[in-house]
Amino acid sequence: MPVTWTLLLVLALAVAGYYIGRSRVLSAAGGDSRRLHSRPSYYGWNIAMFTAVPTLFLIAIWSVLRPAGPTVLAVLALIVAAAGMAFALSRTNPDFRARNVVETFVRYLLILCSMIAIATTAGIVLSMLFETGNFFKQYPWQDFFFGTTWSPRFGGGSQLGILPLVWGTLYISFIALAVSIPIGLFAAIYLSEYASPRLRSWAKPAIEILAGIPTIVYGLFALITVGPMLRDYFAQPLGLGNSGSSVMTAGLVMGIMLIPFVSSLSDDIINAVPQSLRDGALGLGSTQSETVRKVVLPAALPGIVGAILLAASRAIGETMIVVLGAGAAAQMGLNPFEAMTTITVKIVSQLTGDTDFAAPETLVAFALGLTLFVITLGLNIVALYVVRKYREQYE
Amino acid sequence: MTDATFPAAGASPDKSSLLVADERTRKRNAAERRFRAYGLGAILISIALLVILMFTILTGGIGSFRQTYVEIPVTLDAAQLDKSGNRDPEEIRKVLTLTYGKLIETALQKAITDNGITIDGLTAADVSNMISKEAPAELRNQVLANPELVGQTIDARLLSNGRVDGYYKGRVTMETAARDSNTSVAQLQLADALKDKNLLATEWNWSFLTKPDASDQRPEAAGVGVAILGSLYMMLVVLVLAVPIGVAASIYLEEFAPKNRLTDIIEVNISNLAAVPSIVFGILGLAAFINFAGLPQSAPIVGGLVLTLMTLPTIIIATRAALKAVPPSIRDAALGVGASKMQSVFHHVLPLAMPGILTGTIIGLAQALGETAPLLLIGMVAFVRNFPGAPPEGLFDPASALPVQVYNWTQRADPAFVERASGAIIVLLVFLLCMNLLAIFLRRKFERRW
Amino acid sequence: RDQIQVSGSSTVLPYSTIVAEAFGENTDFPTPVVESGGSSAGLKKFCEGVGENTIDIANASRPIKESEIEACKAAGVTDIMEVRIGYDGIVFASDISGNDFQFTASDWFNALAAQVVVDGKVVANPYTKWNQIRADLPDQDILAFVPGTKHGTREVFEEKVIHAGCKDSGAEEAFKAAMSEDDADGACMALRTDGKSVDIDGDYTETLARIQSAKHGIGVFGLSFYENNTDKLKVGTFAGVTPSTESIASGEYPVSRPLFFYVKKAHIGEIQGLKEFVEFFVSDEIAGPDGPLAAYGLVSDPQLADVQKAVADETVMAAN
Amino acid sequence: MNDMSKVERTVSQTDIKISARQAQVYYGDKHAIKDVDVDILDKTVTAFIGPSGCGKSTFLRCLNRMNDTIESCRVEGKITLDGEDIYDKRVDPVQLRAKVGMVFQKPNPFPKSIYDNVSYGPRIHGLARNRAELDEIVEQSLRGAALWNEVKDRLNEPGTGLSGGQQQRLCIARAVATQPEVLLMDEPCSALDPIATSQVEELIDQLRSQFSVVIVTHSMQQAARVSQKTAFFHLGNLVEYNDTDAIFTRPQDPRTESYISGRIG
Amino acid sequence: MNDMSKVERTVSQTDIKISARQAQVYYGDKHAIKDVDVDILDKTVTAFIGPSGCGKSTFLRCLNRMNDTIESCRVEGKITLDGEDIYDKRVDPVQLRAKVGMVFQKPNPFPKSIYDNVSYGPRIHGLARNRAELDEIVEQSLRGAALWNEVKDRLNEPGTGLSGGQQQRLCIARAVATQPEVLLMDEPCSALDPIATSQVEELIDQLRSQFSVVIVTHSMQQAARVSQKTAFFHLGNLVEYNDTDAIFTRPQDPRTESYISGRIG
């Protein structure tokens, strides 16, 4: 409990600081806020921030490292808070550039937040690098990167070639995107350009539910419904095999899950394109679809590409649907009605399996993870380049 | 500039009627109709798929909200429960569930004879199996909470076994029972007989929402209580951390950061993080939060942090796209009246970008709420019976989560768990809807065209 | 931390939860938290170190490996108690409406191996129907759902069924004649990849679902899973024996494997109830032939008394 | 307003390009255009004048159904183009707008290159058989809008990077390039310097030989210079509609009179 | 241009509000403003005239560093406000813009209510102590911009639902409400009718008693009416800068002469 109390106390102090700062500076200016450099609330914020933020950091770091008991922390926190408050108060006078200070402060907070992404990346790489190193000590990298067979064994002598997994990943993701991009994009266009507000107000959230259905439901849907259907009505009549699980099954079902990623985000972006652009095109006698295709979509392109990238990312990272829909067999082939599997699936299965945790069969999960990281990095760089090239900035 | 002769091409614009479309217009209109049809088709397909999925979930899971109980008088025999006879709670505590099981068995036997039920081939095992293994534990808890009951005969409401329950939900039939080693036709006939005597009923099942998970032998007792709390705690953490941090990061990158190599790297980095499989975030969470920072295993706080990191890219990508879509003239207008960059962003740009931010939040949270893989490695895919405490301390107690419950239950051998899993999915979706409703409401409020 | 933390194999998980639940009900200790995540991940966590932040017990569907003990030692986890809780039987079952099967190890080898011996020659597996292998097997397309390479069951299946079948059918000899020792060993366990043998990375529920959508499939299951689904599955005999807890305990039915859990001795006394839990787990009422674990399908350990004694004495694994 | 009907009668029926009867426009509850009756003649420049906010743009946007895009906007009454009701259900607004082009009050170039901006209309209407013809149309249109010299070296730069006046001329060029039968221009010269203005006015004069042009302007002088007919709007009412000469020399309505006499710009 | 330096010398140093020396603006490679030297006096209305696309807006945007927001835009040379270099690193552009307000060429109201549009500036600058004062400022500003009568009943409706000219006046009101020391107005009357124009001109005249006003206009008459100083830009050069009278009666540069004589509007 004491940590909670400390937390609340600090926040209370900050709130008090806010009011003290405000009234202090107002009275210093003789009650006339116009004589102040900044709005009175900025003086308040200045004090509140100096009181709370350093202390909160202290508490956060403390609760991780726990060098001593909560009482020590409480005392220390109060000292820091008081010091911050005193410092901020001492600087409070009508000429003090409170807004600039507050904004600089906020700006640093913003920078800090964006650094979390970098830190996460570093964390991911670091947490996998070591074990990846261990893996390559036990398994030749040539065989890993260029091997075309994936067959881990308990007793050693596994063949751990990544190529069939890469192929499966690309193939399944491709099909998933081939399903979700057209459906999602058309849905987004319809919602933002054609649909009545009423339809839009319920259809959009409804479609978003698709993103919230646990993937296991999709997996079972693939396994029980879609897989046998594709097998009986397509694969067998076409002579393309009789596998119940296939790239197609997983791709289709994953595509369904990804629809809202494309549709909802794109819809927001399309909706944000200024009406004047649509008017311009309509005024020239273009049909609504021409307006959309030639004016609105190009203007919304960066956002749409972002949405598609997000969908692609989900496709690459998905496990359950692939396991249940596409199976666990790592192989390279062109037949979409054959079972295949993806890198992600194998990362999960090797990590959660029963193999020796220090053996290459388990460690390969880390190498797979890191390789996938590098592959997607490459794809993202290409995407960034493409967006830059085709971006159309309105106004 | 007088050389401008105009117009250049064909001088006689043919005065076609507005009501008659010419060839080209017909084609364009056909294209328009096709386009529109594609759009409508896309929506209909999505909605149809949603309906199908919802239908499967609902039909599969609605059963878990009803449960079959046997209601018979049970004599809490003092001789067995309190041998010393002084009603000392410590003494009563020593009596194990096994004893209570026997009491129930006797009570059921008695009820059968009292009501004059006779069934061919009914074995003692059939009778004792009739009642869930959870029932003795519940009875024991009841007695421990109120030692006065010892020696009395109470009307107990006892969970029936999963197969009997399944019988009343259509999952088990006489035919399957004949083959099933865990039930028998005689047992089901007994259930029917009890039902005739109003001793057995299928009722609304609150305990599915309030009780914790149960082991593989007691599907009828399993509930999502702990999972709901765990998910709630995790979502709180995600909401409190991911949304502000994500929005803040996007604001910095989109509005303040100088456009240079470094920001390009950050940008690529973030979209790349979105492509990192969720289990890798579990690896990171295990390494960073548990092994390095020393946070406890199986705790919602760690789950929340991992999910936060996982959702951040989604929120950032959506937010950045939304910020990008705000026309620069709005920013100019604010700057022109002497607003600072920060003010122009917070007062004008952000509200306009809100729908996109909220969409990102909805999708990010939906993903976080339904994710199991990252929780695997940080110990949240677990069997947890004890409820976590109130936050913030409760954030550090072991808990499970809704998707974990679904994942676990779909792996269990007893088919009764399939129904439970679908039930948990329903709960999860309701949970998601509740979360989304606010966001959707806000989004509609902020939506406008300019 | 108040509660015991257990992690590891998902095969052991159901037994572990049954015990944990009973333990929580009947004692004043909180119910232990039991994670699943695989033997590998469980042991890895187990070997992370000693202390509040680390787990107390790792479940495993196979014995701990030498290399893992090394890793444990490096992290300061030295005194490890090994507790064998019983045996898991592995059975072959098909859809309830399907044909009856009497398998032998060589049938399985001939059905699923990548290469088989036909007329003394090593050839790629040509069989498409069971009755091509042995005339008294049913006339049914070969389709088997075998555990994926992540599962411990796969190892047992390969060793005790496929490899044994390789030997029984005489293929091993032929392989050895045709290739090097190592290759022959590999060939004895390599499964065909033409879609007749389907790896299942998920759980037995997935195998069951696959059988239901491809009725001619035959799945590899754990005994307990089969016992809970006798209304949907029809079990095949192996070497003439029908699997059951009794036939496995007596050693008649050969395809089974021991299940374990590992306890950090250092945590006994530190974590409340740990010793009690371990003793409760292996007590006769729980792990004995009439206990709830056996009722659920665990083959009770014939040497349970030895295990109980080892636990009582807190005997640790021999350090080597 | 009695005079109006007289004028109308003098115009032969075939010469009327657009005619509005009892046109009403509402924005939600707000009644923005009230009972407007007007006939816009073919091969004539009609000027709409009136104080800011009186409904000129609103009425203009009715004539090619651009108001359809404003959700709260509702149009009543009858508006015909060549005798056909443009609000008829069977009418395709797309075809209508191809015939009745529009230059908006706020310049709204597409976020595309200058060339693409101008060639957009010809492309969708298939006015050019090949690239050379398209180039020709683009050049002619830009010349007509007096922009060619300024942009001929930067046709591939985005139209949004132009100055305010340049954007306005770009939008004129864009509208002209589609070769509509009626051209609605909402203050096309508001951001133009006198020379550019005179060039655009010259363009309008040329266009008149084939099309009908409606121009909204705040400059009385401009109205007097380019138009043959003038309509004066006030608070949503069409106060007076007559030959431009007549309006400026002998306004019938006191409101017209006072608006014109208050002339400054 | 020789004349310019003479004029400068007659102005006492303290009266100069803004001064630019060798100002250069580039959009990427494009050199949009070349070597501009100009002194803008306090309590004076300065008009910028010149053909469309000559760089008036660009130069105007330099004066309160609005060009900072255009990525490709680069400003060189020295521009001072009250003697302080506004491009100095220590200068806070926010404070600068609070002192040097701006009305943009394209009306850009916030997608908020009319009231919020006008009250935004006073709010962030703390110009009103309470709601009543704020209401007062809003009303005064709207009155000044000749919009009050039209919108007084609909202050809570969105500013984006106004007509073009109303939006323009709203933007003027918004800029005036922040009470800047210098007001930069980029064609503030382009979409206004004569009466509204004269009211805005009256406002400008009033403002002059306290502030310095810079106005970009295409109307020579307007420049002559409201300004005391006029600067003529051509192709990015400041061709001539002098008292308005002098410019219109005895232009020194042939380019000025020809631009003015080509007057039409």
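Just so it is clear, A, B, C, D and E label the chains in written order, and each chain counts residues from 1 on its own.
Throughout what follows, a contact is a pair of C-beta atoms (placed from the backbone, for glycine too) under 8 Å apart; a residue touches a chain by one contact, two chains touch by 3 or more.
Quick caveat: nothing in here was measured; it's all calculated off a predicted structure.
Colleague: Going by the contact rule set out at the top, which chains touch both chain A and chain D?
Modeller: The shared contacts of chain A and chain D, listed by label, come to B, E.
Colleague: To reach chain E from chain B by way of touching chains, what is the minimum number of steps?
Modeller: The fewest touching-chain steps linking chain B to chain E number 1.
Colleague: Determine the set of chains touching chain D that also touch chain E.
Modeller: Expected: A, B.
Colleague: Going by average Cα coordinates, which chain is farthest removed from chain E?
Modeller: In terms of C-alpha centroids, the chain at the greatest distance from chain E is C.
Colleague: Per the contact rule at the top, check every chain pair and give me the one with the most C-beta pairs in contact.
Modeller: Maximum number of inter-chain contact pairs occurs for A-B.
Colleague: Name the chain with the Cα centroid closest to the overall protein Cα centroid.
Modeller: Closest chain centre to the overall C-alpha centroid: A.
Colleague: Mind checking the centre-to-centre distance between chain A and chain E? Centres are C-alpha means, answer in whole Å.
Modeller: 45
Colleague: Measure off the straight-line distance from the CA centroid of chain C to the CA centroid of chain D, and report it in whole Å.
Modeller: 83
Colleague: Any idea how many Å lie between the Cα centroids of chain B and chain C?
Modeller: 31
Colleague: Send over the residues of chain E in touch with two or more other chains.
Modeller: Within chain E, the residues that touch at least two other chains are 94, 106, 124-125.
Colleague: Pull out every residue in chain A that's touching 2 or more other chains.
Modeller: If we look for residues of chain A contacting two or more partner chains, we find 99, 220, 274-275, 287-288, 290, 351-352, 393-395.
Colleague: Multi-chain contacts in chain C: which residues touch at least two other chains?
Modeller: 10, 37, 41, 202
Colleague: Mind giving me all the chain pairs that touch?
Modeller: A-B, A-C, A-D, A-E, B-C, B-D, B-E, D-E
Colleague: Touching residues of chain B toward chain A in the complex: what are they?
Modeller: Residues 28-29, 31-32, 35-36, 38-43, 45-47, 49-50, 53-54, 56-57, 244-246, 248-253, 256-257, 264, 266-281, 283-284, 286-288, 293-295, 309, 312-314, 316-318, 320-322, 324-329, 340-342, 352-353, 355-356, 359-360, 362-363, 366-367, 369-370, 372-373, 376-377, 392-393, 403, 406-407, 410, 421, 425, 428-429, 432-433, 436, 440, 444, 447, 449-450 of chain B touch chain A in their complex.
Colleague: Quick check: in the complex, which residue numbers of chain B touch chain C?
Modeller: For this pair, the touching residues of chain B are 93, 96-98, 133, 137, 140, 172, 176-177, 179-182, 214-218, 290-291, 294-298, 376-377, 379-386, 398, 408, 410-415, 418.
Colleague: Using the touch definition from the top, list the residues of chain D that touch chain A in their complex.
Modeller: 64, 66, 69, 71, 93-99, 101-104, 106, 108-112, 120-121, 124-125, 158, 160, 171, 174-175, 178, 180
Colleague: Flag every residue of chain A that touches chain E in the complex, lowest number first.
Modeller: Touch residues, chain A against chain E: 32-34, 36, 38-40, 97, 99-100.
Colleague: What part of chain A is in contact with chain D in the complex they form?
Modeller: Touch list, chain A to chain D: 197, 274-288, 290, 294-295, 298-299, 392-395.
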